[in-house]
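Below you'll find the structures, each written out as structure tokens.
You will see chain A twice below: alongside chain B first, and alongside chain C after that.
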Partner chain A sequence: MATTTATVSISSSDLMPGSNLSINASSTLMKTGLTTGLEVVEMGKNTLTVADSHKALYEGGVAAADRDQASWVYICNSATDDTYYIEVTLHDTVIGSLYAGDWMFMPYSQGDNAAELNLEAEGGTCPYEYALFATSKTLLDSDQA
Partner chain B sequence: MALVPTLTINDTTTFSDAINFTVTDSLTVTAPAQSLSTEIVTTTGANHTIITAATGIRYLFVRHTGLTGADATTASTARLDVEDEDNNTLVGISAGEFAFFPCSVAAGSKAIQLQSSSGNIKVEYAYWTKG
Partner chain C sequence: MATINATISINSDIMSYPVRINKTMTMKKAGSCHGLEETSGLNHRKFSSTDAVVIISNTEGTADKASKVYIRNTGSDKAQNFYVSLNASASAATTTESLGKLYGGDWMLIPWVATAATTHDFCVVPSTAETMTLEWMVFEE
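Our next item is the complex of A and B:
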């Protein structure tokens, strides 16, 4: 069975005097229904310029069968200038700003084709890495006769 | 103050080539911050504001424990929504899942709340403000 495991740990030695912070969470990434592991993975790296404005990293569930399915997304801003950031939006709702070197990991359900996940570089060109772990990806009809 | 988040993704069974990567970061953080806390989240998001509206970016960790909170064993399979104060969903989290992301809706000018799709959900969360 497909078994993709994601683990996040968050630690700090100086947040609170005399008490180190250590948070750990682990999850096996499952398809909708929580019994079968995810089997679709798309990953890569790219570059986003300020002039690009908003760009859709994922277009949501383009095929109806792929909508409202369990998926996870990882995005890392690989820029090195501390003032450069990537604004991440779900359609027109801002999720957050990913500054140079920062990453995010969260579920993304691709609710419909208006639930696209957008990226926009601010301050300067941002190289980034990404990965999508998804329940399904339905192949679309080809334009080829 | 430094916060060190690390993500590891590992898969040795799905594909002929294993996936195994780790990414880490060192974040400068400041107050306000909320250490790891629990909240019994109901279907009324406005009752579960976890971050009040304030300028800035919050590094937010949220975990759906898979429990209702009634006791240590009663399971919850409801979906947990992380929303802004206008009920726009940022992230939907299923039982046992978690999210970690820099949260800054409208540059932090909107509060962040949690809402269950049905019944109660016991949730763990923490946040720190970007320094």
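Our next item is the complex of A and C:
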């Protein structure tokens, strides 16, 4: 069984005067409702241009067996210009914008067949890194005759 | 201007070689080098039913800014979860605005556009009526 651990630390000494902010959380990512670790990972690095418009990082049309499972997505905008950002959209719903240097980490259950995760660069070309940690991934049928 | 740093570390042995992700971001205003300045503070709430609950309303944010949302299931039970969605009336597995499930100990940190619509509320649905606890915090411009 594989072990995948995700840890976050959020800190600030001046957001709330007189009170240091210090949040630390760690979780071992498990398969759906189980105590066995995830066994699927896909990760990589790419670039997105403004002209690309919306592009699907992950399609919603996964196999039925892979929907509504425990999966996790990490995305980081590696751009360095503060005005460049990546708009992250779940199908037609904008989640938010990753500005230069920002990262996000969220569960992504792909519960709906149309729940694709889209990226769109704004301001300029954005290099980005991504990873998907999943319970399962069923390969889709091939078009090969 | 405040300085808020968030660091993620992911370590995994899924592959035959170690997977390591380490990244620190400083939360900044949209298109700016200046840091975020406001927060909801850390919220902590117990849930004892399977009813859908809006924990963060779109009215708490300002649209098209660089807000961030942190949410964590503070429990330890990996069989129970909160289903998190971006829709005041959703959180069912079959809605396109459903993000995913936070099992015991799981956390998430994502940007939030805070568009003025209920489709941008954060809604959670506990998987059980047994008491579970969630904590969350919003960082805003």
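Criterion: the second predicted complex is superposed on the first by the 141 of 145 C-alpha atoms of A that agree within 3 Å, B and C clash if a C-alpha of one lies under 4 Å from a C-alpha of the other, contacts with A are read in each partner's own complex, and residues count from 1 in each chain.
Note that a residue touches a chain if its C-beta (ideal position, glycine included) is under 8 Å from a C-beta of that chain, and two chains touch if they have at least 3 such contacts.
Note that the structure is predicted; figures quoted are calculated from it, not measured.
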When chain B and chain C are modelled together on chain A, clash or fit: clash
First (chain B), second (chain C), both or neither touched by A:93: both
Touching partner for A:63 - first (chain B), second (chain C), both, neither: neither
Dominant toucher of chain A (residue count), chain B or chain C: C
First (chain B), second (chain C), both or neither touched by A:35: second
Chain B versus chain C as contact partner of A:103, first or second or both or neither: both
Partner chain in contact with A:83 - chain B first, chain C second, else both or neither: second
Partner chain(s) touched by A:114 [first = chain B, second = chain C, both, neither]: second
Chain C-contacting residues of chain A that also contact chain B: 2-16, 21, 23, 25, 27, 34, 37-39, 41, 70, 74, 76, 88, 90, 93-99, 101-109, 131, 133
Chain C - residues contacting chain A, complex: 2-15, 19, 21, 23, 25-28, 30-33, 36-37, 39, 41-42, 64, 66-68, 70, 72, 78-79, 81, 83-84, 86-87, 92-103, 105-113, 115, 119-120, 137, 139
Partner chain C, residues of chain A touching it in the complex: 2-16, 21, 23, 25-30, 32-35, 37-41, 43, 60, 67-68, 70-72, 74, 76, 82-83, 85, 87-88, 90-99, 101-109, 111-112, 114-115, 123, 131, 133
Touching residues (chain side chain B, partner chain A) in the complex: 1-15, 19, 23, 25, 27, 29, 33, 35-36, 57, 61, 63, 77, 84, 88-106, 126, 128, 130
Footprint of chain B on chain A - complex, ascending: 1-16, 21, 23, 25, 27, 34, 37-39, 41, 70, 74, 76, 88, 90, 93-99, 101-109, 131, 133
